[in-house]
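Worksheet for the structure shown next.
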Amino acid sequence: MSSTAISGSALALLERMLLIRAYEEKLIALSAGGQFPAVCSSFGQEAAAVGVVAALGAADQILTNHRSAGHLLARGADPGRMLAEVMGRVDGYCRGRSGSLHIAARELGVVLTSTIVGGELSLATGVALAQQTLGRRGLVACFFGDGAAGEGIFHESLNLAATWGLPILYVCENNQWQAYVHRRETMLGEHIAPWAQSLGVEAERVDGNDVFAVHAAAEAACERIRADGRPRLLELSTYRLRGHLEPDDPQAADAAELALWRERDPLRHCIATLLAGGHADAAGIERMSRAAHARIEAALAFAEASPYPAADELLADVYA
Amino acid sequence: MTQNASINPSSLHHAVMSLSDALDTAIAEEMRRDPRVLMFGEGVATKRCALLDEFGAARVRNTPLAEAIIAGTAVGAAASGLRPIADLLFAPFLCYATDALVNSAGKLRFMSGGQFEFPLVTLAMSGGGWGVGAQHNHNLEAWFVHAPGLKVVMPSTPADARGLLKAAIRDDNPVLFFVDIGLLYQPGEVALDADIVPLGRARVVRAGTDVSLVAYGKSVGACLEAAAQLAAAGIEAEVIDLRTLKPLDTETVLASVRRSGRLIVVHEASQSCGVGAEVAARVAEHAWSALRAPIVRLCGPDAPVAASFPLEQAFAPQPAAIAAAAHRLCAREPAVAEVNV
Amino acid sequence: MSSTAISGSALALLERMLLIRAYEEKLIALSAGGQFPAVCSSFGQEAAAVGVVAALGAADQILTNHRSAGHLLARGADPGRMLAEVMGRVDGYCRGRSGSLHIAARELGVVLTSTIVGGELSLATGVALAQQTLGRRGLVACFFGDGAAGEGIFHESLNLAATWGLPILYVCENNQWQAYVHRRETMLGEHIAPWAQSLGVEAERVDGNDVFAVHAAAEAACERIRADGRPRLLELSTYRLRGHLEPDDPQAADAAELALWRERDPLRHCIATLLAGGHADAAGIERMSRAAHARIEAALAFAEASPYPAADELLADVYA
Amino acid sequence: MTQNASINPSSLHHAVMSLSDALDTAIAEEMRRDPRVLMFGEGVATKRCALLDEFGAARVRNTPLAEAIIAGTAVGAAASGLRPIADLLFAPFLCYATDALVNSAGKLRFMSGGQFEFPLVTLAMSGGGWGVGAQHNHNLEAWFVHAPGLKVVMPSTPADARGLLKAAIRDDNPVLFFVDIGLLYQPGEVALDADIVPLGRARVVRAGTDVSLVAYGKSVGACLEAAAQLAAAGIEAEVIDLRTLKPLDTETVLASVRRSGRLIVVHEASQSCGVGAEVAARVAEHAWSALRAPIVRLCGPDAPVAASFPLEQAFAPQPAAIAAAAHRLCAREPAVAEVNV
């Protein structure tokens, strides 16, 4: 991407990525201390989240999964309410009942998060049908992993969206891992995009660690979806820089591959691009980073001050 | 499934129709009433062409053959402002749809801290009568009673089918609506101006004081036949149609058993962990001191259903067996009855 | 196909097709009389069944579905035991417990028939894994419809077979209908083969109403599977000439399309080819046809003489 | 999950190990014994590297993330001469696998007239202890008790885990083997030369004559704690660990209730149509005249489980509640007790 194409909002992208990184670093540290619920970190996938979500409008809806912190924070979620949720406190987005794995924040348009791999794919078509039927403007962005693409529901969801013409941006973060299994053990090819294309869903592969490339591709895809109401898929090539769950289990990783992808850390890439283009200076970025960390410290204080839900919440909200 | 209702001369608002037509009537009425109601499934637009004609292709849709996404689409749409009805055809096909129904629709309201509602209805058929074997005929309603956050309905008459389906469509929760194949084409009187039949209320179909026969679906008819035989022998059986399996109308069952002191639960579904087990357990917990004899369950065997006609027919509890069990409970000393059941 | 390529065994193909047609005509007539269990007829799809099954060896295993009569008869099943099964009699292949929709005949290598659409796709990988692991020679032929290909299990099954390298011949009879829904309402494209190809499964489309073309394609595919142990898919373009279920419900059909495909009746095509090539004469074919009908009459007599299972079969064989 | 068993000095054939290690031990022993046994699932080859090392990549396999085909492959392989173990990780993921398990493995033996056997085992975890919410923690064992043709096991100790899993692997039927997360890392003594623990037999963990506490999984421990509290107050509770939920060892339960006259059934799974309902119903049918008080069920609430730690812990029945119920049943007149439960 030529540096002249980088708008002033590029700094906003960096700011969001720094906030996500600070949030994940905090969770990683908390988890390492033990006595903390299991969390799936999005460390290393910040560009995918920020690049796509920045291309969405306020009316658009987002579905996500167990690895959702990046998507939520990119959308403007309050890290304090997120941490409270992770810690099972009543001020969490879901009153502490979700924990880290299924945070939904309807007020932000982040709906129906499921930790059943593929769950988001099964629900996205219905959300899109409602948008379409009720004449709402927003499209539906559905985030999922390379592993989820192996579930049958991937095939069913994309085929229905293609056949009915549903306004869905499918975003596959192909991070090369599916819990403790490397992607290459689960499929013959390297990519998910051809599966979508065979169903008649236009698909594009993008460097998922280049936030500017992701953002440009997402803007273009959203524009096309808004124009014809048909689904599109973006496959973002990226990498899970941490273990499946915190605390990290480094044993499972492929050391050489990991080293390679560490070189391609999305934050480093973003910063290098901005510095090279003269859009930012080191001191400014340092200030931004400190602000992000300070926000996360405040968020943690908020979460820790929040009480656990009362025992009567055992049976609350089961039925409408 | 066009409406072949014949008009009852006594009232323009009464008609004799099949349970199948009663379901279509309910769907059409609710779609007229609320533009957010829509229906989809494999063959819905082809087989329910009257609905398609009236409400158009956006609200009456055929789908690909893919139950998981049919259910998932219904769940996602329900949480987003629509009120979908998904036809999943036969209950065993629900196996493909349980993630969306159980893990999403049943749980995500609670797990999200109450952020979403799931006003959706799924239709599925089961029970003997079509001779097509256990991959079409498998009564799975107990699964969805066991799973949290769902409601479960299974009517025994066309009037209840209409009224309960209307209530299910208006309910803000996910409702699994099961239809007994054997009842689909049995005619019954339906008051077309009747209100909904509220979910969660059993119906005392026949009053009686000697023994309580609790059933649902086509087993209600078997109980009524048994009650008629018993009446001839001087035993007055009360017959209760549960109608809604979740929430279960425990009070009506307990009140009956407190009067009669004897309980027989009857259904076609397999016995172990079925709805009959739940009814029996609640009575043994909350009306134990009223019991004058052991509880009896008469259920389908713990086996798949055969396609072969005589085996399929023998699978569901028969009136003679119900009557015989009632005779045993009423006539003998409790301890003796127990040994024989 | 040039007439010189037609071997002497071509007449055997015709004979099998005639037997299937006679069987289905009998079932259609019985169903029209009412008081007969629902059956899904393979009328019009005889070439697909016969062409593929003739390419299989004795050690190969077959999985099929609700529309299985052609596959079973092509494999040499006894029409008497099949009719007995359809009629719920104890001399049926499954003692009358299956009825028409799930007939399995292990002695013929026709295993694990499921009427859950897609069920055969879920089980085929396991059968193939057993063949491979236990060092058995036979491959696995798995028959399914265009509708089944829309189920998620299609995606999962082919992906696993491709990744693990399982010796499966997937046979999709694309008969343009899925019960009461036309295929075109269920997908954007016309064909299933591209879905398989995107997963790394070699796939070929064949005129499914030309028994010689099907047979040649199946022989070639089987040879390749035996050589490298990897799965292949054949998509056979054909047409369901009857309703989904007997008794037929002609209302649902697309009259123009039906007329077109009636012209392409696989039996007619086979006979015309044989006559044109001088491989058969009309009188000989007429004799063959009469023999087929006579066999079916005898089969019906056998089935009708067979008793219903006794009441104690309600609980038989539930557990091993 | 490597074997960290510490050797017990009293015998070379006894070891103290976790339930998790006991499962690995059983799998390794059976794989040694029978070359037809193989194991696959998401991460099986990565997480169980000791098995991979010993038995190789053909018998210990990672799979794509696709539960339906994992289960289907196991079912097809079982019918074709292998004896697969499929790890499906967490019980809610079984929702993707129910067609293969319920419609195929459970039914196709019967439906085919006995042509096939399905010697396969699925592993799945559930229960509180990991704080990850209702899409990982959902006790679904009752579903598979209700469906025909399956067996269902859920152990409470490492020794039983080893013995029952070995029996399950040798069984010619499909066995759903559930593991309570809360017990995974609790150590227990295991006799490494012990035979299998046969399926279908409950274990009387503690003898007592005043009240029968029937449980499985980690609720057995809760019952034992309650029993200790009760003993201090002069009430002798019998504690029965069902171990196998299908086939259910009704005789052991009935014999106990016939002695004690009082039954409390305890499990973490939701109450409605759960295993507790089945146990209660069987007792109310077959040991009614022995009952001296209403039956009591103490089960998980009819709600999804929250992730929040205190709510998750409160979900499962606690020893204090079990002891309190036993006090009520033993101390008061039956009619009074009934009102209070």
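Every chain is named by a letter (A, B, C and D) in the order it is written, and numbering of its residues begins at 1.
As a working rule, a contact is a pair of C-beta atoms (placed from the backbone, for glycine too) under 8 Å apart; a residue touches a chain by one contact, two chains touch by 3 or more.
These are the chains along with the protein names UniProt gives them: A, C = Pyruvate dehydrogenase E1 component alpha subunit; B, D = Branched-chain alpha-keto acid dehydrogenase E1 component beta chain.
Keep in mind it's a predicted model, so treat the numbers as computed, not measured.
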**Most remote chain, CA-based centroid, reference being chain C** = A
**Rounded Å distance, chain B centre to chain D centre (Cα mean)** = 30
**Message:** Can you work out the whole-Å distance between the CA centroids of chain A and chain B?
**Reply:** 42
**Asked** Centre to centre, by mean C-alpha position, how many angstrom separate chain B and chain C?
**Response** 37
**Request:** Provide the list of chain C residues touching at least two other chains, using ranges where the numbers run on.
**Result:** 96-98, 102, 114, 116, 118-119, 150-153, 156, 159, 163, 185-187, 318
**Request:** Provide the list of chain B residues touching at least two other chains, using ranges where the numbers run on.
**Result:** 63-64, 66, 68-69, 92, 95-96, 99, 103, 110-111, 133, 135, 148-149, 302-304, 306-307
**Prompt:** Drawing the touching chains as a network, do you get a line, a ring, a star, a complete graph or other?
**Reply:** complete
**Complete:** Interface with chain B, chain A side, in the complex: residues 61, 92-98, 102, 104, 106, 111-114, 116, 118-119, 121-131, 133-134, 152-153, 156-157, 159-160, 163-164, 316-320
**Item:** Contacting residues of chain A [partner chain D, same complex]
**Value:** 37-38, 88-89, 96-102, 114-119, 147-148, 150-152, 178-181, 185-187, 252, 308-309, 311, 313-315, 318
**Prompt:** Can you list the residues on chain B that touch chain C in the complex?
**Reply:** 42-43, 46-47, 62-69, 92-93, 95-96, 130-133, 135-136, 301-304, 306-311, 314-315
**Request:** Show which residues of chain D lie in contact with chain B when the two form their complex.
**Result:** 92, 95-96, 98-99, 102-103, 106-107, 110-111, 133-135, 138, 140, 142-143, 145-149, 246, 248, 269-270, 272-278, 280-281, 283-289, 291, 293-297, 302-304, 306-307, 334-335, 338, 341
**Fill in**
Within the complex, chain A is touched by chain B residues 36, 38, 58, 61, 63-64, 66, 68-69, 71-82, 84, 99-100, 103-104, 108-119, 148-149, 151, 172-173
